[in-house]
Amino acid sequence: MDYTKILNKISEELSNFSNSGKIASYIPELSKVDPSKYGVHLYCTLGSHHAYGDTKERFSIQSISKVFSLTLVMKLLGDALWERMDVEPSGNAYNSLFQLERENGIPRNPFINSGALVLADILVSEYEKPKDEILKFVRNISEVTSIDFDEKVAHSEKQHGYRNAALANLMKSFGNIKNDISTVLDVYFYQCSLAMSCEELAKAFMVYANQGKLLKTGEEIVNPIKVQRINALMQTCGFYDEAGEFAFRVGLPGKSGVGGGIVAIHPEKYSAAVWSPKLNERGNSLLGMETLERLTTKTGLSIF
Amino acid sequence: MDYTKILNKISEELSNFSNSGKIASYIPELSKVDPSKYGVHLYCTLGSHHAYGDTKERFSIQSISKVFSLTLVMKLLGDALWERMDVEPSGNAYNSLFQLERENGIPRNPFINSGALVLADILVSEYEKPKDEILKFVRNISEVTSIDFDEKVAHSEKQHGYRNAALANLMKSFGNIKNDISTVLDVYFYQCSLAMSCEELAKAFMVYANQGKLLKTGEEIVNPIKVQRINALMQTCGFYDEAGEFAFRVGLPGKSGVGGGIVAIHPEKYSAAVWSPKLNERGNSLLGMETLERLTTKTGLSIF
Amino acid sequence: MDYTKILNKISEELSNFSNSGKIASYIPELSKVDPSKYGVHLYCTLGSHHAYGDTKERFSIQSISKVFSLTLVMKLLGDALWERMDVEPSGNAYNSLFQLERENGIPRNPFINSGALVLADILVSEYEKPKDEILKFVRNISEVTSIDFDEKVAHSEKQHGYRNAALANLMKSFGNIKNDISTVLDVYFYQCSLAMSCEELAKAFMVYANQGKLLKTGEEIVNPIKVQRINALMQTCGFYDEAGEFAFRVGLPGKSGVGGGIVAIHPEKYSAAVWSPKLNERGNSLLGMETLERLTTKTGLSIF
Amino acid sequence: MDYTKILNKISEELSNFSNSGKIASYIPELSKVDPSKYGVHLYCTLGSHHAYGDTKERFSIQSISKVFSLTLVMKLLGDALWERMDVEPSGNAYNSLFQLERENGIPRNPFINSGALVLADILVSEYEKPKDEILKFVRNISEVTSIDFDEKVAHSEKQHGYRNAALANLMKSFGNIKNDISTVLDVYFYQCSLAMSCEELAKAFMVYANQGKLLKTGEEIVNPIKVQRINALMQTCGFYDEAGEFAFRVGLPGKSGVGGGIVAIHPEKYSAAVWSPKLNERGNSLLGMETLERLTTKTGLSIF
């Protein structure tokens, strides 16, 4: 399969694509990005890299970071985690309070904001320096030591994080946040501010395409059963209330962020990362989804 | 992979399993089934059959039939179908009216009852004898000409189908049911009453594991892209509000029915059907899910 | 208090009122009404009548009829009625299925559609000829023997009553409708089709302003405690999800219908009926509410 | 009407009443109250006082205080207030986030927690020392200068106020809280901690029974139209999701608090305050409602 040729073909087709999406504007820092940025990077389990466009420029990975915190927590906790959250798609927007209230403060899954806040709470309980541990983990699996938080983005999130504060307070009222709310929010906002490029994301997500092992050394980071479950969660819950659409059109486990990034993996075949800042109505990169749909259509291969 | 050995091992393990599930009782006809029935049948794309237990006895396939009607409608309609329903997990019970009301009579997906009623409505519009066409299709893909509706079950459903009548009337008020409601309900109740054995289900679902082609003749029944999308829908929406759990634990596209049957497919590997009438709280066969979880754990293979 | 003068003054003020309301269009028959019709009739407990405009022309009273069926049922049943419905404002639209589903088929109050359908179901259980009994009751309390159903309106409702059929089926699935659904809907649609003029409505509702007694003869139709409770229900639930607004602005118990009629009563002072077919966004007569607000403002008297 | 005799009669009847209610336990401070406390005080517009039981002992008035803050805000703001909240019953629990989220941060009415938080926010905007102004107002209308906040209760609320913090943060995310959240919560928690006796509450609420004027001096505190509207709001929204029940059974405008107090007024007749700490399932004093129902039944007089 000549992935480079396929990526070039897709990019050529999409060069005339009329993009009706909109950049995330809920925090000022995110709205400063150049909307025309576009990159796609595919990393093959056979070891080859295939790239097109702005694949070396870092952007705010936002909710993609939830996969990293989930992995850390699954390594720490085992099944006890699932007493504090469920594994079901929510059928509602990522920041909805409705279900959380009706279901007594138990988030539907780890990828909606409430779920990720509980993950952050667990990291605060388990680690002395949770933010350092997140950095260490991401640098390790991507093999890029310069990856870091974006202080400006983290600060901007804090200034406008009332909705997340509402979620955290609601869960605290049900006893499902154990630590001080501002500490938990701090970890969460920093985690979301991680700045990474498509190339770096593709490298980091290879571990999920490679049954939990680093591709170069073969070192096991997470055990295969856990990786399969993380992938299953990406498939059913990775795109807010558009997870079904992504499974239907693209057919790969993946995770998106409001910074315009999407990662997807084809188990034992490749990991891929796309970046285009304009989002569709449900908060997912419009061109990113289009790119990945064409990728699985042109290769004729999805997990289904 | 010695599937027969694996099925025997699983069955042995589960022989001591304490089953807290309950038989579906919402219609009298379904509650008459022997709760101890248990069968699992695996049909490999290499052509081999592997079976354990009551795999030749027919039971009411109920919602599993929605996969058949979806396939028929996708062959007939193309993308126009998706103007009348969505492809997202609902996050609610299979027969919920809440979302349907809030979303103006557009069902979340084809596998909740409202979605399947719209499918039935389309079959009524497109075919002179929709029930005959359903039978013809199922007999064709399973290569079993004796498969038929169970008149008693269909009749019993009709006598207790107020919730489905509520869904149909609500959608009709939004213009999303085109035909006479009682005609649509009749097709729907008959379709759900289809009686099939595990062996017959595994044979019928081979077409979904085999990229849309009959295994024996290679004849294309549905094109590969459509099959991948049907499989994606089974993955994200095939188990009511437990689709995430099934993806998480089992990791295969599948569909369950309140008769206690579950089908699952591993693309290009196998189709499998399990039957055990006792259901968990969310309406899925308790032992069926347990069986399939052990199957993917023991083989070490899921689609993820 | 010179009510005639006050009504003239109000009508003069409102002659220049720019009415942004819209005629009910959900059934064809209702949309045929002349939108400029306007009448207000006040009937004083001292015996005097005060009228302005089209007060002798009959219109479709629609949901106002629910007060009559509630009264009949309260006379028949006593407190057993409240096992089948509640007395709380719904906070939702009059035809919402959401709460009904969440609250197991128990309507929030007798004045939303689901509640009125349960009332109709009770009348079907208790009377051999429920429609005749409704007519008899209304003719009796209004002392107008020519009051009748409007067959065309009743027929038109039936042709478009899918939402009400959905409510009835949903409640039947919970066991809260005892009789055949089409029989219950027939009674309900006929009851809603009652045609009465403002004058006739004011006469009929005098019984609620007069502690349950006919004004002329003193005959007790309902006992005073029950009348006070019916009035309380009109206050808290008489205007769909605008009951609070009506209490806030007008300050009298009342009931509206989508035909553009509103009745209101000031206990031991008067009953009043207004008619203007154009409705506000919540389905209540825009000019009707305006008229009654000015009435209580100009008299300086509400029940509060 | 011999009110003293009626109160004695009611208290005698209720002495054998089996009270299944439960003391509010969500903050430790409230759960320390003696559950057997009982008092009822009626203050007649003719000037007489009628009391039974523990009517001179102060308790935490909690949500009853919302009537005072609403009155202050209505004096300050006029109709601009209603751009920030509605006047409709909510149909949900007093602290529900569901509607608030769906309705973009606009509370249903001033008496649910979210509405009262907006009132507190307005007081923070309008007054330099809002807590002092609240005290001043209550002392003025009750003519009791020793009324004060209970610091322990206010402090205890703050320690457990996560649900209210969630409401405030959610509204802030919609722009409907203007000031710093902790400042607004501080005012709110202090206001709720006001300690008053039945006698003091009856005196304070006389202004609502007396068309806005102090009974002794005739000084107008609020204009009559505004008082009628406050009374209307008490009627439709004063008892969380039990407002309909209170209107139905008691038939007077009123307001309850989780401290076990209820005030009610009969315009131009009397104000009344009851106290019994055990609450029913919906958070209203069980014996308090029972007492007031008997009061209007025995006098034969409600506003309806």
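Chains here go by letter, A, B, C and D, matching the order in which they are written, and residues are numbered from 1 within each.
Just so we're on the same page, a residue touches a chain if its C-beta (ideal position, glycine included) is under 8 Å from a C-beta of that chain, and two chains touch if they have at least 3 such contacts.
Quantities reported herein were computed from a predicted structural model and do not represent experimental measurements.
> More C-beta contacts across C-D or across B-C?
Looking at C-D and B-C side by side, C-D shows more C-beta contacts.
> From the centre of subunit C, which chain's CA centre is farthest?
For subunit C, the chain whose C-alpha mean is farthest off is A.
> Which is it for copies subunit A and subunit D: same residues on both faces, with over half shared, or different residues?
same
> Which whole number of Å gives the spacing of the CA centres of subunit A and subunit C?
Centre separation, subunit A to subunit C: 55 Å.
> Determine the centre-to-centre distance between subunit B and subunit C, using the mean Cα coordinates as centres, and give it in whole Å.
47
> Centroid from C-alpha atoms only, then distance subunit C to subunit D, rounded to Å. What do you get?
32
> Two or more other chains in contact with one residue: find those residues in subunit C.
Correct list: empty.
> In the complex formed with subunit C, which residues of subunit B make contact?
These residues of subunit B touch subunit C: 96-98, 101-102, 162-163, 165-167, 169-170, 172-173.
> Please give the residue numbers of subunit C that touch subunit D in the complex, ascending.
Per the touch definition, subunit C meets subunit D at residues 86-92, 99, 108-109, 224-225, 227-229, 231-233, 235-237, 241-245, 247-249, 251, 253, 267, 297, 300, 302-304.
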